[in-house]
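Each chain carries a letter (A, B, C and D) given by its place in the written order, and its residues are counted from 1.
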Amino acid sequence: MTMVEALNLALHQEMTKDDSIIVLGQDVGPDGGVFRVTDGLFGDFGGERVVDTPLAESAIIGMSVGMAAYGLKPVCEIQFSGFAYQSFHQLENHAARMRWRTQGRLTCPMVMRAPYGGGVRALEHHSESREAYWAHTPGLKMVIPSGPRNARALLISAMRDPDPVIFYESKALYRAFREEVPEAEETIEIGVSRVVRPGEDLTIIAYGAMLRYALEAAAELEKENIAAEVIDLLTISPLDDTLMVESLRKTGRGVIVHEAPRSFGVGAEVVSRLMEGAFYYLEAPIQRVAGYDVVIPYFSREKAYLPDVKRIMEAARATMVV
Amino acid sequence: MTMVEALNLALHQEMTKDDSIIVLGQDVGPDGGVFRVTDGLFGDFGGERVVDTPLAESAIIGMSVGMAAYGLKPVCEIQFSGFAYQSFHQLENHAARMRWRTQGRLTCPMVMRAPYGGGVRALEHHSESREAYWAHTPGLKMVIPSGPRNARALLISAMRDPDPVIFYESKALYRAFREEVPEAEETIEIGVSRVVRPGEDLTIIAYGAMLRYALEAAAELEKENIAAEVIDLLTISPLDDTLMVESLRKTGRGVIVHEAPRSFGVGAEVVSRLMEGAFYYLEAPIQRVAGYDVVIPYFSREKAYLPDVKRIMEAARATMVV
Amino acid sequence: MPRIQISIPNTVDYLSILDESGEVDSSLEPEISEEQYLNLYKAMLLGRRFDERMLDLQRQGRIGTFPPVKGQEAAQIGSVFQLKPSDWFVPSFRETSAEIVRGRSLESVLLYYNGYNEGTKLEPNQNDMPLAIPVSTQVIHATGIGFAAKYRKTDEVVMCYFGDGATSEGDFHEGLNCAAVYQTPVIFVCQNNQWAISIPLRQQTRSETIAQKALAYGMPGIQVDGNDVLAVYVAAQEAVQRARSGGGPTLIECVTYRVMMHTTADDPKRYRKDDEVEIWRKKDPISRFEKYLHNKKVLTSSLQKDLEAEVLEKIQTAVGNAEEQMKKLGDPLDMFSHLYQVLPSHIQLQKQELKRRLEVEEGG
Amino acid sequence: MPRIQISIPNTVDYLSILDESGEVDSSLEPEISEEQYLNLYKAMLLGRRFDERMLDLQRQGRIGTFPPVKGQEAAQIGSVFQLKPSDWFVPSFRETSAEIVRGRSLESVLLYYNGYNEGTKLEPNQNDMPLAIPVSTQVIHATGIGFAAKYRKTDEVVMCYFGDGATSEGDFHEGLNCAAVYQTPVIFVCQNNQWAISIPLRQQTRSETIAQKALAYGMPGIQVDGNDVLAVYVAAQEAVQRARSGGGPTLIECVTYRVMMHTTADDPKRYRKDDEVEIWRKKDPISRFEKYLHNKKVLTSSLQKDLEAEVLEKIQTAVGNAEEQMKKLGDPLDMFSHLYQVLPSHIQLQKQELKRRLEVEEGG
């Protein structure tokens, strides 16, 4: 199934099990969400649990905080991650702090789902990747799946997490490819990354829509007799230090890939963790392949903005030079 | 004079010169701002130019965007940086993009001033440092002075900058010490950092309230025969790569200090730039001395949260071990 | 120590002049010159035909996603016609018809929906904001521009557009509240087209009208038949006069309807009944205005034909021009332009990297 | 095709029962038991005396900055008394008097203003939100809690507090709009104390009353004399009954006054005249209630003295307790508690680092 279908399956299965889950957001009801991720839920669970909201992002997050404090599990949708900033204060001031502030009496087990990233010829504000904002915010967790199967598993885990989880879904992946997704439940522990291709010579770290490019680059590099290990971060925060440090201690060379702007992005933290954990094993500077430090251009130029297989390969080769 | 007085002087002098400057914010009028940075401006320039606003941060930034598009130069105050998130979307969606979106027809020469940081026994939300949010946002500039004299000079430069500048002012520094500030105009180019103490053995990079601690640590380290070079970033974005890379190429050892949470913070970007520019000169991993990845605790515990001279010295010594 | 009903100084009117059958209440009819009538009509017609053409282009894959205007021409044209060039126009994202009146070229619209940043380029001296996609954010800009115009002691006014959904956002509230506090010369034009994507008005707000939301700000509000170009014209005229003479802001609710899909990516069959759309099709703003102009003898069948031809010709030329232009545009290095007045050095390096990559690719 | 005034279904009342001289409009007097009268009075008195004591403590450097309640006791106590323990209470930051009624210990307040996170600890089963410092953000939480209470088919209601300044924030708007759309059982209590730090009401909004802002949401609104505990009591009772019986939310504006500084860090002399304060001192909510209770023979001089003593005793004990507790608190490692249910491993390392540093410091 596609990633859209896999996410829908996760919601459907978990809502069936747990009547404290409320899905809310703009157009999540009869319309099924602008990307159809909530398709059919309104029919199956009714308007009390699948709640169309007024056009107000701060309200979507703020109401979720209230519902969560009460004991429900809101799974809210922000229509595009570029419109989550209207609710930044609700996330930073409250979602991230409710457990902390009340010393555990009230908690905030909510999931904020939001489509992110470029590549679907969308209008302005519909193609941003700014996961670093949330990753830098103590009290939040930040998760990004890279395909249908792990999307389903991660979303289930996010819905069961006792704390607030920001869940970014790559629009470019929504219908890009299909994967078999078992009917039976799967979860992926939040905070755990995965080696999706083992290798000895160099480590490519990626997530979300960039993972496919990393894998393609690894396949190409193989032809040049370079064995690249590929890590799928899956969770951006908390970062799985152990896995990536281990890999770099082995390979000594690394590339981190994301489509978000390069500076002050997730790549910087990955580099720092690797510097801290694997400095004496590094053979070359870790390369960052990222979006440029500009606003992602309107869609006719976005291809040149987004990282691609070539850029990853160039960076990989650069780490191999020395 | 104190930093509060120096900032006030900058505003006063520049408003006298340039009638397109409008100061706006909560309580900036007769009250002179909760920290008195705008003291006396209302009396001297009147309510048309020193504008008390309703309690609405999105409106403060959004009106500034409109004023700037019209051709004025709004210098707005967000009462505490912890309340800037209510206006995050106005900054990210519009202030940062107006020049870009209109291909230069409309611009956004505005300054957002906001007190940041801990150390003054304040209530929740009054002690945060989240400069990384703005630094990660293409189209914005991010500036943090470390004392009265450079605060005055940087604020003048910020007010003359053709693009939006986020200007964080350390509350802990507002009245911490006095410095002579010449009546005659001084500016500091935005994007330029400074070596404030030269040294050969190691580089300590800091900014804002942390600079003093860096200097104190350097003085202490001198007693141990370690010559620390201290760099005051002054501008967080765009980072002055050249200066810091040069320093690290010389010293081979570095510490970056900030009070913001460690992960995905400014330190991560500094580490990455140094990895990229000075990898082959590095003798030891660059150390990050930062706030912990928790919400800054209520004030009885904030001292333990904030970096101090001891932590900087420990980190410095750690870089010297090898 | 009483319990009494508070009387609220501002009242909220409803205004309709030209009904859907083309009948007019002559006591309310505005004074409009024949030329102006024709200008209004031409602008509405151009808006309509361009919208239809864009839908074709989109279906053919020649432009990307766009939000059709169809059915809202009276609300847009009746109001924007009250502006002088020196006034400020602050659109949302569905004001293509009004933007064209303000001088935006059809070419620029086509570039925009083909993903070229050049499509939001504004001309020197054009006192317009570019379109704003994040809903309601532009409402506050209008207040700020109005503040600036007042500070500079001009008589400029600002006209700001948004939808019914937009009224739920905090920014709507902050923008109107501040405009009232500072008495800035802003006319807030809500195109209440009954839907915000799939959300009908009654799920957007429990308030009976949007116009009455003005009372929360101590501001005059008026609800008009938004498919009646005369009513919109009159309400906007009153509001502009008030604003220009220092009387502060006004909220105008134009009751209209989104006859088409939200954007071309949307499928309204999922959430609304065709019957509803049919009812509103009969209230079409253009055909009732045509009847009226025919009755007034301002429009004749032959003139109407000529105007149709003129409009189609203009659109045809623009489509050709835009497609020519696009062949020449698209240098990806332009993504580094206009972000800052002076590009910071680390981004210059990124630009050089991209340049090198592009050269390699061309070479390879 | 008319021009007509729109009639708005909801009306906005003003209510006052007990005036500043202690006179009562007996036709409006609520039925309250003698015990309840005394409870109301005791709660107001405790709020007042504790506030005064905190000011002393602050001036002596024994607690940090805090926002005094003085003058707003009737608005807080009259309303919060309508809640059952199972109902939800959503405060802003100036509701200390009401929080105490809800069961917050004086000790906890003192810990809070001394910078201990333990000061916002909530007890198990306490259906209260902790205080919210970012203005107006809590308004939306109340709507969400109300939604949840309705979803769970309980009869719980939610009472949410905020100031006049808070009504300018977007969150106020979004919270009330959504509450009306979903008809959640929420009572929005605005303590209009005329000032938001240095900003007077007329610079906060041009709306004549705050109550009329309810009309923007199709919600009933009422303005009451906020220094009249009976009026507040009645208005809150009506609103709670409406909410509990499925009638949806209400906005109550309590017209009161911030007699003291905004917080102890503020100097009101910079922006307001003493005359104004003097006028409001005469409208004090407690002394007028005392007169009323004396007239009703519910209160006698000796009882009043006893109550005063009881209250002061309680405060004295709490101050002692809190100061004892604080000696034992303050382990900085606690900053790592309760951020997540399970602390991520990289933060555990940070905790260990701090632990080690603290041990070194203790050792050294």
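Methods note: a residue touches a chain if its C-beta (ideal position, glycine included) is under 8 Å from a C-beta of that chain, and two chains touch if they have at least 3 such contacts.
The structure displayed is predicted, hence computed values, not measured ones.
**Q** Taking each chain's centre as the mean of its C-alpha atoms, which one ends up farthest from the centre of subunit D?
**A** That would be chain C.
**Q** Roughly how many whole angstrom separate the Cα centroids of subunit B and subunit C?
**A** Centre separation, subunit B to subunit C: 40 Å.
**Q** Nearest whole angstrom, what separates the Cα centre of subunit B from the Cα centre of subunit D?
**A** 36
**Q** Measure off the straight-line distance from the CA centroid of subunit C to the CA centroid of subunit D, and report it in whole Å.
**A** 43
**Q** Would you please write down the residue numbers of subunit B that are in contact with two or more other chains?
**A** 54, 56, 58-59, 82-83, 86, 89, 93, 100-101, 124-125, 138-139, 239, 263, 293-295
**Q** Please list all residues of subunit C that touch 2 or more other chains.
**A** In subunit C, 117, 134, 168-171, 174, 177-178, 181, 203-205, 339, 344, 346-347 touch at least two other chains.
**Q** Between the chains shown, work out who touches whom and classify the graph as line, ring, star, complete or other.
**A** Contact pattern: complete, every chain touching every other.
**Q** Touching residues of subunit A toward subunit D in the complex: what are they?
**A** 22, 48-49, 51, 53-54, 56, 58-59, 61-72, 74, 89-90, 93-94, 99-107, 138-139, 141, 162-163, 191, 238-239, 241-242
**Q** Can you list the residues on subunit B that touch subunit A in the complex?
**A** Per the stated touch rule, the residues are 82-83, 85-86, 88-89, 92-93, 96-97, 100-101, 124-125, 130, 132-133, 135-136, 138-139, 237, 239, 260-261, 263-269, 271-272, 275-276, 279, 282, 284-286, 288, 293-295.
**Q** Tell me, which parts of subunit C touch subunit A in their complex?
**A** Its residues touching subunit A are 64-65, 93, 112, 114-117, 119, 133-136, 165-166, 168-171, 196-199, 203-205, 265-266, 270-271, 326, 329-330, 332, 334-336, 339, 344, 346-347, 350-351, 354, 357-358, 361.
**Q** Would you pull the subunit C residues touching subunit D in the complex into a rising list?
**A** By the definition above, subunit C touches subunit D via 1-6, 8-9, 11-19, 23-25, 28, 168-174, 177-178, 180-181, 183, 203-209, 211-213, 215-219, 223.
**Q** Which residues of subunit C touch subunit B once you look at their complex with the stated criterion?
**A** 88, 117-118, 120-124, 126, 129-130, 132, 134, 137, 139-149, 151-152, 170-171, 174-175, 177-178, 181, 337-342, 344-347
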